[in-house]
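Each structure below is given as structure tokens.
Look at the two complexes coming up: subunit A is in both, with subunit B in one and subunit C in the other.
And now, the complex of A and B:
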């Protein structure tokens, strides 16, 4: 294009086009852009940056939430939680052990239940939508209602003891209820967590299953692979990425979630179901007005670091799988 | 939204400013600390006890008739929500004029943080003369509380000796056994147990007669209940004041790891077979409800439990109440429970109606008003009731109040100066739960665990 033709084109668009927009117009346009983005930025600054900075700073202080001044303690809160304090160290250690069990059991069991369930639901032709909706109910039901319902199921006169008695399996009954025995309380709550985690995991697997090229399954069938062999050797490896996501999501929930533990047992009996998320909550809000908000904040940041490491490891694994 | 706000017409801005100014002037005019409370003033008050709400509202009506000052009472429950709301309101400057607080607890924490008025110069002797002498001074920072406030990690940091942050509203005690009268009779028990052994025998008899619902319920999801409501009164009766307090010391010769500690734990362990199944999973309200619904035959609570049972439909005529008894041959043969101020009334430091707030507090301290409040709330007032507590408060509450005592033979759960400042009764209760009802430790092992935990509190304090 020659210079003359360029000018001609520019001239042709000048009344409404870019060439006609002067510096004043551009400034106004910029200002409007900032104005539209400002509320979101402001909201993020207040709700995000401010609270994160506030929480982080608090982790180096001692405060009960009421006094006008914080007492700066440096790294003492972190040291206390890591064993420096005979008061705060042992409960955190016990809670960390319980959390570890939850982090191992919940993702594994969720995958173990949701993958076969998704495969079965994917192969069902009649009532498929109804069945999928039914299996999704635990996810859309209010969490608190679910936890209370499970409490009734687990109590000494609850459904599970009733069924065990009716089946002649009285030796398996728990006279103190499944949440009243320290040996069964944590596994019982893990079951509740898995029950609420399965719907989303199942949905992810269903999405993955539908993305698999039918030709691959056809080829496996032609090669003589049965239902079991096809799913084990073809479908399962193809869904490794989905499995990694399911595992990561549940690891995060297992690490930081504590609602079920708070509502169903409050960490009891004794400290049998105390987990790190609940310990953080206890230090913050259930410490009988002791100045432990800084400890709670420090524990929260330590949990965040662990979550970050898990996320990085997962990301690397996913990259390698691709 | 934003654009709309930015384009608010100027006349509207002016109107809003005028209204705000008018509101401020009105607030200044109606309050002001200096003069008396102006009729037309409205006070705001928060209580954390639902059972006190209507009783306070009734008292507020008589107060308004008398002074023209209205009081808006709001219940903020449960305790954790109340604390969170106070915390938020303190940060935003929205505290109510008056708060009901736990005496010698929240009031000191809030007061130490500067959220409450120091009432030491506002509560004269002719006001406190209305109260029972044993509780008249409660809410005041004594030397012991002041020393505790100086410890590292203290919950009451910032208080000064002699400050007063509340006046009593209700008194009472923990360690009251509630038993189902009909079921006791069914098991052949017609009198309230007088000794720990009698109590265990009664538990046994009722459990035998009613294996399904003959047990003892207690809200052990809050583990301190087993410790403070059952074991400590019994231990005090068994050992007497000094050896009891020594159990919480750092000296292995006399603390929980000692033979004294083991003896106490062994006696406490006698109730293990009689817990209501699953009581360790119940919170305090659920345990009370289990008793009210007949799922248990015994319940341990405080004087305040009676109102909750009544609210939940339990027939109060079907109740037998008695304090946790001492073991026979114990150091205190005639053990009783000393009353202490459970809740008090505090005035927020940000109130613009201090005079009206003080008038309201004094109104509630009037013996007639306090008695009516107690009847309405089924709770125990801090005022002198004389010898006719039964007539004033009704038979059940009256009997309970009459059984309260004072002096060396009375265990006072409100006195805690012998414990380390960082003491957390919930954690200590958890360790005790491993002994009973969970049976994961024997008496000796539990004693050592308790001594170790207390040792950690003492070392933290140093």
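And now, the complex of A and C:
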């Protein structure tokens, strides 16, 4: 299972390998092929090609969104973002550092929570369906409504401080709230991101677990391997492909996603939770009349490139593992 | 879903001492129960507080910081629903979500069918193109979409949301559905052909019914984010009568000081419908995702 899925996610051809009719495509079949993809292509031509080409071209220009003409600046936007500009360089660097923390923490914690959770859930029969649905609620509700709820429980007199007080851990309480303190705001949002990422990861692991040949586990048991040994030395290596997908999806979200940052903290306090995705959004929509639209585009394309490289490396590593 | 359970926790570590083994088994069972229940609480935690705050009055939300409201009332919910015309926003959200989902299922089941079973030049390249789009960040296309729609005169309406939402779901939908159609045995298509069925009939009467779990899965994976969508909706809608629920909720937030009971009542109105939709389709959903990923 994991082989096919990871290949597919990483953009390989696995589901397409059915050719076999030689180089001579039958004409009728060819026509049907194009007819079936036509609506998707048409929509992509209207909504996709234009927006992507426009965004890409804009990344080489300076524009404020209102003036009639763009000023071509070549690679200047990219250079400015990579540190060439004293105005735009530093905030981008700070945002890059925060993004890096998110990219390390979110995939790692998501795997650390969802793999054991899936293994344990897979070992029980009673209530499994109910629990699976309950565990999936964070994904279903992922959006502005649940971010407001997190804000509420992170408040100075909110639920988390309340729980800490009740447990006698008053020293850990945050009098300004967890999102109000620059030191705790980023970790607090990482918790929210992991919380919303665990459901899909857990489902993927469950799918992987159910595809494992029971004979392998039986063999491990006969060899005297206990619960811990079996899972560490047999199950975990067998699910490498699933782990690769989970890590890839979360790296992409950590690199590019910014909704929770925009809504819950808007990058604050100060710039403590500003990330690259949010910085892109700010440069594009929140910089009033400053000519930063090209910069926004350039930053967006760099994020695309990094994500693509990560995906390719991911695929290469998987192939080597096999 | 069947009998392939991995029931390690029950496995006695030392079979030679049965009494200690069964004692260990009981302990293991308690530990498993506590862990599973614990994460259930974690999953529902913000949701519980949302419900709690929505049931509190204006006085109680300040005075009582506990989870359980002393005198629970539905007045805040009813008031939020009525005063803010949430029914109108609700209908807007339903419309946008429904047509986006319909569009995704129709357009990309056709495309995925072609990618999975039909031979045509450029197939691999097109398939790869759609998958690469998975990595284009939302932030980079947001602005061009707004400018383009402004040119086309569809900015600010629901149609202007549905088109980019459908297009944005292309990579995921094509990925999942191509895998699902690919899992259908070739022989079925060959047999139908011998019987004289055309390509469209084979697609509609054989492949679509067989791939129903995957279709329900992609429908949910489209409907859920669309229902909660905030970014593009926020930058493209101006007219308050066109607002969807997330934007209406945002507007609630912008009002003067934060009234958490009202805000959480609004939040509850946003999440309840999508939770109900998910629960009513989740049986297909899990199987569909598992099947689609297995490829």
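Quick notes
Methods note: the second predicted complex is superposed on the first by the 281 of 322 C-alpha atoms of A that agree within 3 Å, B and C clash if a C-alpha of one lies under 4 Å from a C-alpha of the other, contacts with A are read in each partner's own complex, and residues count from 1 in each chain.
In this text, a contact is a pair of C-beta atoms (placed from the backbone, for glycine too) under 8 Å apart; a residue touches a chain by one contact, two chains touch by 3 or more.
Keep in mind that what you see is a predicted model, and the values were worked out from it rather than measured.
Shared-chain residue A:209: touches subunit C; no touch with subunit B.
By the touch criterion defined above, A:87 lies against subunit B but remains apart from subunit C after alignment on the C-alpha atoms of chain A.
Taking subunit B and subunit C in turn and counting the residues of subunit A each one touches, the greater count comes from C. Applying the stated contact rule after C-alpha superposition, one finds that A:39 touches each of subunit B and subunit C. In the superposition on chain A, A:286 contacts subunit B only, with no contact to subunit C. Once chain A of one complex is fitted onto chain A of the other, the partner contacts of A:136 are limited to subunit C, with no touch recorded for subunit B.
Using the contact criterion defined above for the overlaid structures, shared-chain residue A:175 touches subunit B, although it does not reach subunit C. Residues 39, 155, 285 of subunit A contact both subunit B in one complex and subunit C in the other. Residues 1, 4-5, 7-9, 11, 13-16, 18-19, 21, 25-26, 29-30, 32-34, 36-37, 39-41, 43-44, 46-48, 50-52, 54-55, 58, 113, 117, 119-125, 127, 129, 131-146, 148-150, 152-153, 155, 157-159, 162, 195, 199, 203-204, 206-207, 209-212, 214, 217, 221, 226-227, 230-231, 235, 252, 255-256, 258-259, 262-263, 277, 280-281, 284-285, 293, 296-297, 299-301, 303-304, 307-308, 311 of subunit A touch subunit C in their complex.
On the side of subunit C, the complex with subunit A involves touching residues 1, 4-11, 13, 28, 32, 35-36, 39-40, 42-47, 49-50, 53, 65-67, 106-108, 110-111, 113-121, 123-124, 126-128, 130-145, 147-148, 163-164, 166-167, 170, 174-175, 178-179, 181-182, 186, 199, 203, 224-225, 227-231, 235, 246, 249-250, 253, 260, 263-264, 266-268, 270-271, 274-275, 278-279, 282-283, 286, 289-290, 293-295. Interface of subunit A with subunit B (complex): residues 35, 38-39, 62, 64-68, 85-87, 90-91, 151, 155-156, 175-177, 179-180, 182, 265-266, 268-271, 285-292. Note for the complex: subunit B touches subunit A at residues 1-2, 80, 83-84, 86-87, 90, 105-106, 109-110, 112-115, 153-155, 157-158, 220-223, 277-281, 283, 422, 424-427, 430-431, 433-434, 437-438, 440, 455-457, 459-460.
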